[in-house]
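Both of the next two complexes hold subunit A, though its partner changes from subunit B to subunit C.
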Partner chain A sequence: MGLSESQTERYSRHIILKDIGVEGQEKLLNGKVLIIGTGGLGSPAALYLAAAGVGTIGLVDGDTVDLSNLQRQIIHFTPDLERPKVESAAEKINQINPDVTVNSHNKFAKAENILGLVMEYDFVIDGTDNFPAKFLINDACVMAEKPYSHGGILKFDGQTLTYKPGSACLRCVFEDLPPKNTVPTCSQAGVLGAVAGMLGTIQTAEAIKYITGVGNLLENRMLTFNALAMEFMTINIKRNSGCPVCGTTPVITELQDYEQPVCDLIQKKNPME
Partner chain B sequence: MKLLINGKTEPLKQTCISVSELLQVKNVEHPEAVSVQVNKEFVSRTDFDSTLLNDNDEVDFLYFMGGGTY
Partner chain C sequence: MKYKVAKRLDLHGVPCPMNFVKTKVALFGLECGDLLEVILDEGEAIINVPRSLKDEGHKIIKVEKLEETFRVIVEHG
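Up next is the complex of A and B:
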């Protein structure tokens, strides 16, 4: 397809990277990434994917912008209060980069609609805030054989892994939703806004690496960090033959919506242990 | 005995310890919500009591972080 003169200039810092070059930039311009949740993780993901020139960005979120979101959901501005998040995010993406086509889905990902959404994209970013949605995204991506980035944050901690068909999935690590009552809510526990930015940009780098085919993805590895200690740790994980969705005899063969309080987290004493 | 817990060598007074006991010793608050790998293999939750750890075993605790803050 070839880059225009202004595209060559806009993406010059990508193009001079040996691993990306014109070819990689063209892959990005032809790439399609779905961001589920345009909040703390989805905001930086959307901004950096847009700036990077990812040609098609899908946004899925049924929420509107709330004052308490603005501490970390950096794609939304004060004048956007009460607006649908996908509308607010789409507007910013268009302003950053007119090369990008945005598909806005002003609804939450559910068992009935998620497969149709993920099928349209090359890569999926999980920017959701709750266990049911995270497991739904995992199950849908395993079933659709779609690579995706799992991300979770709480307080000063973040965790992420990248799934690709054949590698360990989220349920290989965490078989099922944690029992209720082991987990207070996110609004009770809080989260440092910058931690959302740190994790969301890691997820974005994974999406860009996948599309351009460079580097090593966080496959069969889980990255966790604690911003207080500013320690990063990668734990190698192995596909679990007993995994309920990708194991040898999967028990989850169709998608369903799970019930759990929104925005759960697990209290722990030793964040890096 | 010594265990390699999440990449760090940790000495323990015990000479023999199960996964369940280790979760207690390490003060893990919600062991029912933690996944455990021993020598890079996941241990099923139902086997936490019966799985005994040996000197120099690698143990990984993985905590689920559910937030993403829509």
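Up next is the complex of A and C:
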């Protein structure tokens, strides 16, 4: 297809890179990435993927922009309050880079729609904020044999791993969702906005590496960091043959919308105490 | 000696790093062993561009001083 004069200039800093070059940039322009959740993680992902010239970006989110989102969800601006997040994000992507085609899906990823969505893309970024969605994305990507980046943030911490068919999946590490109320959500515990930016940007670098085929992905490894200590750690993980979704005899063979099990400890408590 | 160049590129007045970017784009369309003629400015351009091309595995066959530019023959590596 060949790059136009303006594309040559726009992507010059990629083209200069020996590992990307013209070939890598053309791969990016032909690449398709699905971002599930256009919040704290999805915002930097969408912005950097758009700037990088990823040809097709899919956005999935059924939420609207809330004032409390703006502290970290940097693709949304104050005038976007109350607008559907996918609409607000699509507008910014188009402004950054007219080379990009945006597919907006103004709905939440659910068992009934997720497979159809992930099948259309080369790589999936999990930018969601809850365990049921994270496990649904994992299971859907394992079943569809679709590489994806898992990401989670809370307070000053972040964790991420990259799944590729054949490598360890989220359930190889965490077999099931944590019981309800054992792990606080970002809205309960808070999160540093910049931590969302750090993690979402790491996920984006993984997507770009996958599409261009350079470097080593975070396969069979989990990266965690704490921004207070500013320490990064990479833990080696292994595929679990007893994994409920990617193991030798999987028990999860069709998708369903998960609910976090109620924590036993909390259930036994007298609610009046 | 006359060289049989596959493509010519006049980058007189094109500053760094766009001169290198344009050279890379031109080389991308060529085959291994093909020759590319590039006109580069003196100073930064003639210092940096051939060095970056060598880093990427291309060969500088000839550098010839013209009036205020250089004619560089690059072999696609």
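Here is the rule we use: the second predicted complex is superposed on the first by the 258 of 273 C-alpha atoms of A that agree within 3 Å, B and C clash if a C-alpha of one lies under 4 Å from a C-alpha of the other, contacts with A are read in each partner's own complex, and residues count from 1 in each chain.
As a convention for this text, a residue touches a chain if its C-beta (ideal position, glycine included) is under 8 Å from a C-beta of that chain, and two chains touch if they have at least 3 such contacts.
Remember, predicted model here, so these are calculated numbers, not experimental data.
Q: Touching A:128, do we find subunit B (first), subunit C (second), both, or neither?
A: In the superposition, A:128 touches subunit B alone.
Q: In the superposed arrangement, which partner chain does A:21 touch: subunit B (first), subunit C (second), both, or neither?
A: After superposition on chain A, A:21 lies in contact with subunit C alone.
Q: Of the two partners subunit B and subunit C, which one touches more residues belonging to subunit A?
A: Larger number of subunit A residues touched: B.
Q: Of the partners subunit B and subunit C, which touch A:37 in the superposed model: first, second, both, neither?
A: A:37: touches subunit B, not subunit C.
Q: Looking at A:3, would you say it contacts subunit B, subunit C, both, or neither? Reply first, second, both or neither.
A: A:3: touches subunit C, not subunit B.
Q: In the superposed arrangement, does A:242 touch subunit B (first), subunit C (second), both or neither?
A: A:242 contacts subunit B only, not subunit C.
Q: For A:154, is the partner it touches subunit B (first), subunit C (second), both, or none of the two (neither)?
A: first
Q: Where on subunit A do the contacts from subunit B and from subunit C line up?
A: none
Q: With touch defined as at the start, can you tell me which subunit B residues reach subunit A in the complex?
A: Contact set of subunit B toward subunit A: 5-8, 26-30, 32-35, 37, 40-42, 44-45, 60-70.
Q: Applying the document's contact rule, which stretches of subunit A touch subunit C when the two form their complex?
A: The contact residues of subunit A facing subunit C are 2-3, 8-9, 12, 15-16, 18, 21-23.
Q: Show which residues of subunit C lie in contact with subunit A when the two form their complex.
A: It is residues 17-18, 20-22, 24-25, 28-29, 52, 55-56 of subunit C that touch subunit A.
Q: Using the touch definition from the top, list the residues of subunit A that touch subunit B in their complex.
A: Within the complex, subunit A touches subunit B at residues 37-42, 61, 63, 69, 72-73, 85, 126-131, 134, 151-154, 157-159, 172-175, 178-179, 182-183, 186, 191, 196, 222, 224, 233, 235-238, 240, 242, 263-270, 272-273.
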